[in-house]
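See structure below.
Chain naming follows the written order as A, B and C, and within any one chain the residues start at number 1.
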Amino acid sequence: MIAIRACASLTVLLAASVPCALTSAQDVAPHGAKAFAQQQAMLAELKPAAAGTKPHAVDAAFWRVFAPKPDTAAQAALGQRLFFDPQLSQDGTVACATCHDVSRSFTDLRPVSEGIGGKLGRRNAPTVMNAALITPLFWDGRSPTLPHQAGQPVLNPIEMGMPSREATVQKLQKTSDYAQAFQTAFGRALDYTAIEEAIAAFERTLIFLDAPFDRWQAGDKQALAEQQQRGFVLFHGKARCAACHPLNATNPLGTDFRFHNIGVSAHDKNFEKLAADALKALASNSSEQELDRLALATDMSELGRFMVTKQYADVGAFRTPQLRNVSITGPYMHDGSMQTLWDVVDHYNKGGEVNPWLDGGMEALTLTEAEIDDLVAFLASLTDVRFAEQDRAEDKRQSALSKTQRPFRDNDLATRKKLTFEDRVKTPGGK
Amino acid sequence: MFVASKQVVLLTAVAAAILAFNLLPRIASGGTSVQLCDGETRLALDQVPTTPAGGLAVANALMAEWQQKNPGQPWAMGTIQDPQERAKLQKQRYQPKQPFDNRTALGEGQKVGHPYRDFSERDIVLWEAETMRLVYEGAEVFHDAARLGSTIAVSCDMCHPDASNTHPETYPKYQTQIGRPVMLREMINWCIEHPVRGKPLAHDDPRMLAMEAYIYAQRQGVALQFGKH
Amino acid sequence: MKSIETKYMEERESLLRSLHNLDRRSFFKLSAAAGAAAVTHGVAFPHSFQPVRIGNGVESFRIAYISDSHLYERKLNDRFVKALLRAVDDVNRMDPQPDFVLFGGDLAQLGAPAELDLGAQILKNLRAPVRMMVGEHDWYLDLGEKWKGLFGAERYTFDHKGVHFVVLNSVVEEDFWTARKLTPAQRMGTVAGLDNGLQSPFTVGEEQRAWLANDLAKIDPNTPLVVFSHSPLYHYYKRWNFWTDDAEQVQAILEKFKKCTVVHGHTHQLLTHRIGDIHFHGLLSTAWPWPYAPEGLPELTVQMNRPDPFNPNDGCGQGEVHVDVDGLVDKVYRLWNRNPVTVSSEYMKSFGKAQKPGRANTPSY
């Protein structure tokens, strides 16, 4: 603890470019992350794609949508350096790699993330793996592009807390060799946009689409176990997953990039009141800035996409996340409220959580326990083979946990014995 | 519809009763089992009716039993034996579009030395009648929840009257509900599995082929535009 | 520190008090601006701040509607039951509550007593008073016996806040079943199919037209008139019975009312028409949406986007009828999982030039 604080203050005092070198001997970086040097070593072992090359598993036309210009090696290397540099945070303790930790599946395996000063946010950190193939970014889609997203957490007061773009640029300029690195990589002086683009260039090398599922699709009949193959059939049939989580050759991610209200926010009884308040605020023409503030710092973050588009139909809607590597990137949902994939399937099995904006595609699935197991087993086949060990360990852990608690299960709803909305109608006015 | 006079109904009922009496085992209590010509619907009678009214009552009771098992279904269609009757009824009920007029294939043309290209009125009629037979069969399946295997009494025509909004000319296309490009048949199966809540059909299931025929027939004249959303 | 609700009540009070100070024109400009903002945003006002307009002894008000639920018995089809429950929940949540809820017809799918009982039971959970209207699916099993037993007369009139309301049974069909010797179930099955060529076209019928003319003879033609009908009271597409055969005769009876709105069910889609001074609006179904007919679609209609069958609620919903001081109607379609669509009286009055609802990207048919 003392060493970390010392490191932090040293970083502030010296404004050195050395990222917490004093802690490299220890396993941890601040806020529970693995030490950055160790993370970088792990990254090297994972052999990510070379900068500027289209990853093997991605369709060329699709890749061009996300990466119209190839990145250079210098840009990606610079981006990597920035990714692991806690100087980008106000107190020098938080880097991108804090919440997108290489050793923790490029996320932090926590329900919500922790920023400077130990402040907790409201949203679960998505994994950076394959994020380069997703748009728009964030659970509410407020970032249209990868570079734009990279620059947001730096300025967020509870994440990395830099006061402004200019302050960030100035801070990095104090490290003389950053300025030179940017000149080499981008042919121009260091500015905030270049920081964003560099980080994005690095993230584009983090494509992990080599899973047993892909090998099975390519013809290896043994790549998927019998149970997983049953799960595949369920995924595309009875369990109704494929409509929002399509898996095909051009879009291998398992997301439709759209926003759906599946009722996760409605776990909290106050959700409807929040929505009513937000609609009122909109009706009286609150300024955009005020709504943006409300979106990130208050309970109104539960309203998801609505706070970005201000469209009635988007209340409580969040972007469909990718299913790639889902087994090892729990906890799940925008608020990290679901610990295991069994919880996730239970949630869908009962038709989601009822609320006035619930997507009508959420229906009771009547999946049996065996079918739920099959489905979860299939989802595990979407983990990149480079993480096979973590996958096995995590499956075991989640499976054990799911045997002791299934807080989202509701058999009456799942079997259609009771219908969604029924309870609310019986007590007039709803709850 | 079962178009019949009272006497015919009586005769049929009595005939059915007699037939049943002879072919079916008696019920332990000494009564009789009467069976409808669908082979499934049955009633137990304590005694065979001896009056016209009694016979009619049995017939109506069997009818009611069948109706209960098949809500909203037209009795007549599935069991009218006379093909003329049936065709007349189908024409009236379904009114699919007309197939292409092949009479342009008639006439002189390259007759000499081309035996396989010598068409006559007989051929035209054959092609048309057989094709439309399949189309009408498809129309029947399309309108029949039970035949589709629906567990919630939903048939295709409920959302697609006259096969509207099926857009067969746009296949193959990326079907967002399925997450990949599909042919018409696969979308039919998806609809059977989800909105109709039945079991998907085999791709060569006669019902599937017939329905596809009806759907295409209803879209006669619309240009192919594969991939159109 | 005042709660938001108190703050709003105070704002509303002060607005109402200040109405005395506003001349009529600036008052309408104020509420029109608020209304326009809501229309363009696709955001409605679910909460209590509703400009209540008062002028010439007529008060603006709103009613809700739920229509075309097509219930089977629950054990046979749970999906339609769930959808009706959803509509009831939505209407119950309205704040303030509507003056009354219209049920637009086709409560049952096959007119069975169990289906009608189920529907009646679910609708009992509505907080606001309910006015029932009959549809063909409710009627043709027993020719209305069960319906009348549950809900009373199938046609009636009433007055509410200066508006004269008429509820019709506009699904009267000429007898097509006796000659064919159809059983009641067969008759109902025939009527239940949209695209068979066997049933007769809907009518209001001579007797009911006379009843209507007689009732309306007593009403001042300046009175706003709202007619609830299951069939559309105009000619749209005969093959699907999106049609009322004696429409022109009915329209002739309604003609003298310069503020006449017909609100109809049966078509399960966004539908808008105008004939003379009569405005026609369709109701959404809770059970399933219908595609637009291949011909006969009124020009004023802006189609709803083609529904996604993955979502059984898409293209469905319930909605509202807002009656303004001038006696004309804004029709609100509360489509599930979509932004609400409002077809305003301004749009109707201007023959579709003002306040156009957004165009569909994927029209049907």
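Throughout what follows, contacts are C-beta pairs under 8 Å (C-beta built on N, C-alpha and C of every residue); 3 or more make two chains touch, one makes a residue touch a chain.
Everything numeric here is computed off the predicted structure, so don't read it as measured data.
Q: Using only Cα atoms to place each chain's centre, name the chain farthest from chain A.
A: The most remote chain is B.
Q: Just by CA atoms, which chain is the most central one?
A: Chain C is the most central one.
Q: Could you put a whole-Å number on the gap between the CA centroids of chain B and chain C?
A: Measuring from centre to centre gives 35 Å for this pair.
Q: Need the CA-centroid distance for the pair chain A / chain C, whole Å please.
A: 44
Q: Which whole number of Å gives the spacing of the CA centres of chain A and chain B?
A: 51
Q: At which residue positions does chain B touch at least two other chains?
A: Only 176-177, 194 qualify.
Q: So which stretches of chain A touch two or more other chains?
A: 240, 243
Q: Would you give the residues of chain C that are in contact with at least 2 other chains, written as numbers and ranges?
A: 78-79, 308, 310, 312
Q: Touching residues of chain A toward chain B in the complex: what are they?
A: That would be residues 236-238, 240, 242-243, 245-248, 256 of chain A.
Q: Provide the residue numbers of chain C that touch chain B in the complex, in ascending order.
A: Residues in contact with chain B: 72, 76-79, 109-110, 112, 180-183, 185-186, 188-190, 192-198, 239-240, 288-291, 293-294, 306, 308-310, 312, 362, 364-365.
Q: Tell me, which parts of chain A touch chain C in their complex?
A: Residues of chain A touching chain C: 240, 243, 261, 272, 276-277, 279-280, 282-283, 285, 310-313, 356-357, 359-361, 363, 416, 419-422, 424-426, 428-430.
Q: Flag every residue of chain B that touches chain C in the complex, lowest number first.
A: 1-4, 60, 63-64, 67, 71-75, 92-95, 143, 152-154, 157-162, 164-165, 176-177, 191, 194-195, 197, 229
Q: Show me the residue ranges of chain B that touch chain A in the complex, using the header's touch definition.
A: 176-180, 193-194, 200
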